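Each in structure tokens, the structures are laid out below.
Two complexes follow with chain A in common, the first pairing it with chain B and the second with chain C.
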Partner chain A sequence: MTARRTRIFWMAFAVILALLIVMPFGLPEFWRRFLTEILIWGLLAMSSDILIGYTGMVSFGHSAFFGLGMYGAAAALLTTRPPSLWLALLYGLIAAATVAAFVAYFSTRLRDIYFAITTLIFSQIFYVIIFTWTDATGGENGLAFSRPALAIPGLFSLPFTTLTLYWFVLAVVTGSYLVLRRITRSPFGMVLQSIRENEARTRAIGYPVERYKIVAVMFSGLFAGLAGVLYAIQNRFAAPDFVFFVVSGEAVIYNIMGGVGTLVGPIVGAAAFLLLREGLSRLFPYLASVASQHGLALPGLAEFPYLIPLGIIFIAIVIFMPQGLLGFARRRLNE
Partner chain B sequence: MTDNNNRDDWEEAFWYSGKTTRRRLVGWSAKAAGALGAMMLVPAPWRAAFGAAKPFKIGSLQPLSGNAAAGGKTALVGVQMAVDRINKMGGINGRPVEIVTGDDESKPDVARRKIEKLLVEDEVDAHVGGFLSNICLACMPVFEENKVVNMISVCLDTTLTTTKCNRYSFRPYDYAPAQAVAFAPYLVNKLGKRWHLIYADYSWGQSTRDAYAQEIKKAGGEIVGGTGIPLGTADMTPFLSKISGDFDGLFAIEFGKDGVTIGNQAYDLGLTKKYKWAGDGALAESTNLPGLGNKIEGFVGINRYIPVFDPPLNTAAHHKFFDDAVARLKQIDPSGPLPDRYVQSNYEAMNALKIGMEKSNFQGRDDTMKLIEALEGLEMKEGDDFPQGDKVLRKEDHQAFIREFIFDIKDGKHRILETVPKEKTIFPPACKFASS
Partner chain C sequence: MAADLSSAALAAAAAPVGAAPVLRTEDLGIRFGGLAALNGVNFAVARGEIRAVIGPNGAGKSTFFNCLTGVLRPSSGRILFNDDEITGLSPNRISRKGIARSYQITNILPNATTLENVRIAAQSRRHGWSLFTHHRAFRDIIEKAEAVLATVGLAAKADELAANLSHGEQRNLEIGIALATEPQLLCLDEPTAGMSAGETDDTIALVRRIARDLTILIVEHDMTVVMGLAHRITVLHYGAILAEGTPAEIQSNPRVLEVYLKT
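Let's turn to the complex of A and B:
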């Protein structure tokens, strides 16, 4: 990257960050919470980009890392009095990292579809354990707990508001982005990209490919777990549904929608997908009510399954914007 | 013919002339999205029409898509039936009622977002709904935070009104411990003393198993064993084939398609002939009967609602409810299913809310505490509002106690064997509300 491009990047980064910091002031309460959630899902998607975009490994095990992060945070928040934010982070990260190490050890011996299926199976194993181990995990009902305060022991303790929680999440996601950016641009990150491009040649050069893959999965799992902790803190519950592989599938969708191998793209993808889903879920009932006010009876319009147009839009993006929304925007800007 | 030719030309021009570039398609999509967005900004014409009689907004979160969509749509029919009837009769406190629905997609994360939308953005006055227990539990703190009354209408998990109860949530129908209290004496005295329990191996199945084990023992019976079957198991034979020994009855705690699976496979293995065959009424819900065929003959169960006109359900109120429900259900399912307990509990939950709102002269969220006080201990009398029968909403835990029907299946239909009055279903409260 030339000095000029670096300067432009950091200027754009500062402007976007400043916009994100002030954005909630202009938003109603519901949208502030929604924005926080977008950042959390964006972090999950960004964590899986390490594998999908940089190492060329599609993982369906991220729901396990995300879910274990949630349950780790839940364990801390239910067992400590008063509930501690930092212990929730610590427990969540330990849980996610442990599971990531376990999954990585077994699954990185495999490649392509075999790796994807193995990670999917691992996530389902953890799902079944959590779903049926009712005494410890609450089973299907999950665990509910109170939200910790934003506190530094001995210095201050403030209860989270929607606004402060948003800023806290924004700070964590920004920090995570900077760390992941550093990792992907380090020699380690270059080796990951080399594995993606040609695994056999990377091995032939002398790199211990399996070890690099294990570390990549662990990094990825750690940040997915961090997203899980943030989600638990925001919503004050942990449920087995978040360990189910469908959550991993959504992370893959966010990556594809936003653009793989970009780190920012998956966040853009998460934002686009969640906003589209929310918008479409409101559109049809609204159109039905407008039509009925104009004397037009359109039976079934209000209940129209809005996930169908969402799916069609996703397919259109895959076909017409193969590099995702970010790649498309980049190309338009470069024209 | 000419038209067809024109269309062919147009299609050819569209797809093959090179004019439909990727960029153009994206552009058109953006324009379409802009037009839709602009349309959404136009003030809704109906807003002006409300004027003096501003409607009460009642939120209803239901799974209208995802795994539980079929049940969620059925449940919503119950709420709509009640609201239409209320509006025909002049509304509540002179104001009409408007339902604001939310689709939770059968997922807790979506549910949490949608319930926040209903409470924070749509500013609903109260809520009637909730289908899946995990979703009810995930959303309960949001009602407390926003101080809005939540009439739960399907969720069965026991903890909703025990360890996880809160002052803002009410369950105006039964729960597993009350059914166990009502059913256990019948099981022990009329069917047999020694029972083997088969249950769906997750929280609902496990808590229901515990409730029945406790009450069967209390009634003088004995539990000789238990078999947990993971939810969604398509082939239950490996689990069922291990069940043998000297006992009187098999008691199954399953629902939905798992209910159909166990009904068929237990019959095929001869278990339902060898032992007395009983269980939770959810196994033989009217929607399950076609899938079970004649293999469910003789099954004895308990349920709060069954779509029959045997006494004491041979009332004008029940006929009215039944006919309206059948007509509406046919609109969403042409096979014409009979109403089930989901329609009934949603219909009655909305009516219980109406009575509470009238009793407290509820005008909006500022009156939420008055509404809660009106609902606590509310006595509901059998009639058009409550065709299922009398019920009482206990003050200590916001749990209703209602009459239960012990039934069997004969000639492919439910038949009431015994009616257990609500007084004989009482289970002690186990809830401590946080001081509000």
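Let's turn to the complex of A and C:
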């Protein structure tokens, strides 16, 4: 039974990965970049799933980890010649992990809403620091830099194209998924789930719950930082907007849309949300142009605030698919 | 007769000659505002003993357990376990010293399987920080968990969600979780609460079986359970020890009859 399920899982994994590898061939430049961004936001959402879905803690501090990954990468890319991809990853991960350790140490003493608020406050503190420390961070304007090459010194050096960058990001996100999946099934991951289910009982059977939470936040922050590094490389800038807590909120929304506690769900959620937003933002101008072709003048239709239907769809998903898109699909497949 | 002795003398009498008590409290007290929930409790239990703690509602039985297991920090006095002071340690540290407990209100992981409930408890002693190995790869933990399930009679329900077990089965799973941490002292808080007569008999037999290797403290309202199981009984009343002795002594103690057994 379980062996069969494992086989089905790996077959599905291989098919989906193969599809993702060939997908950009049929797509124009814009959509290739869009797909890359979906994967990056998916990685951010997946990193926060470790806390939301597995440990039962909602973090609004992920923008800080994501942002520090970005600025860490920026530091490496601006200070080293030629800019090195691996140093960008290293600096970004160190910056994110340091901040995650700091935030984790203080916030995990608190539970539920108090944990969420504390992480939110921390991310805002880092936002203010980055926003005002103009000499180092570029302040409001952020930092711009050039993209490093995909290189192993002494062996080869390939400049990134949209396509190779997509594959690189796909490889990193797939690797992260496999690592996180393994962590969630390790004895450590089972303790996190036990904390989610019954924190007091988990403590009573001998687990130092706070220490487990600290390590969980650090892992989560590390992968959020990795997403930040990828975003910096993709867009060649770091900006304070990405440290603002709203980014953390988006990660939570992707989780809820896709299904918490599944790792893949948050990526599905990010894809659904970003595609819907993009589609809806084009829908109303398109409808207006079709209408005008038929001699109908509908004033204001082109400028219709498309976030309203997006919000309605989100609310509908929360009400009718409380386990998210992936949870809903899984149930349907099992029936 | 026993009621005339001071509680300190009672504590000394509780330990058989030559056997150091596994657990001892010295002048244990806890206050909630103006209320002294426990007051000057001198208690000792010998290794291998089954000790019942009884008393009217609000006598301080659960508070006493909560102090022993670190959920509450005593306001005064000391708790010694194997002559090692554990007063005010966190619940996880006390669990690691070898004290486990079950709860009055069923306290399990409802969305995990029966096996996972005890497996996670067994894992608390070994491999808890392993990050990159699948949890099922640790056969020693799974074997331990399966052995515990067999002991508490739930081997056939291993793959069932804990939430789907009957009330009686959940009560026994509760004991299984505590047992899986390999305790020396097991505190059972009303293990037969809400059970049918048949289930109660099974649980009494279970407690007898596991008592061969452990010291057991049991809080219970069902007097047939208490009288049938306990070697000795401690009666708490208003947070203090009212009497202590064998079941026969307690049953004939006029003060115990007055405040508790007759009501």
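We adopt the following convention: the second predicted complex is superposed on the first by the 334 of 335 C-alpha atoms of A that agree within 3 Å, B and C clash if a C-alpha of one lies under 4 Å from a C-alpha of the other, contacts with A are read in each partner's own complex, and residues count from 1 in each chain.
Note that in this section a residue touches a chain if its C-beta (ideal position, glycine included) is under 8 Å from a C-beta of that chain, and two chains touch if they have at least 3 such contacts.
As the structure is a computational prediction, the values presented were derived from the model and not from experiment.
In this overlay on chain A, chain B fits alongside chain C without clashing.
By the document's definition of touching, of the two partners only chain C reaches A:205; chain B does not.
Contacts of A:142 after superposition on the shared chain: chain B is touched, whereas chain C is not. Contact with chain B, but none with chain C, is seen for A:33 once the two complexes are overlaid on the shared chain.
Annotation for chain A, partner touching more residues between chain B and chain C: B.
Once the two complexes are overlaid on the shared chain, A:283 sits against chain B while remaining clear of chain C. Legend: residue contacts after superposition of the two complexes on their common chain; A:304 is shown touching neither chain B nor chain C.
Of the two partner chains placed by the overlay, only chain B lies in contact with A:294; chain C stays clear of it. Legend: residue contacts after superposition of the two complexes on their common chain; A:314 is shown touching neither chain B nor chain C.
Closest C-alpha contact of chain B with chain C, superposed model: 25 Å. Every residue of chain A that touches chain C in the complex is listed here, in rising order: 179, 182-183, 185-191, 193-194, 197-198, 200-209.
Note for the complex: chain C touches chain A at residues 69, 71, 90-92, 95-96, 100-101, 107-112, 116, 119-121, 123-125, 127-135, 138, 141, 177-178, 180-181.
Against chain B, the residues of chain A that register as touching in their complex are 28-30, 33-34, 37, 128, 131-132, 134, 138-142, 144, 231, 235-237, 239-242, 278, 281-283, 285-287, 289-290, 292-294, 302-303, 305-307, 313, 316, 320-321, 328.
Every residue of chain B that touches chain A in the complex is listed here, in rising order: 22, 25-26, 29, 36, 39-40, 42, 44-46, 49, 64-65, 73, 101, 103, 105, 107-109, 112-114, 116-117, 120-121, 133-134, 137-138, 140-141, 157, 159, 164, 201-204, 206, 228, 230-231.
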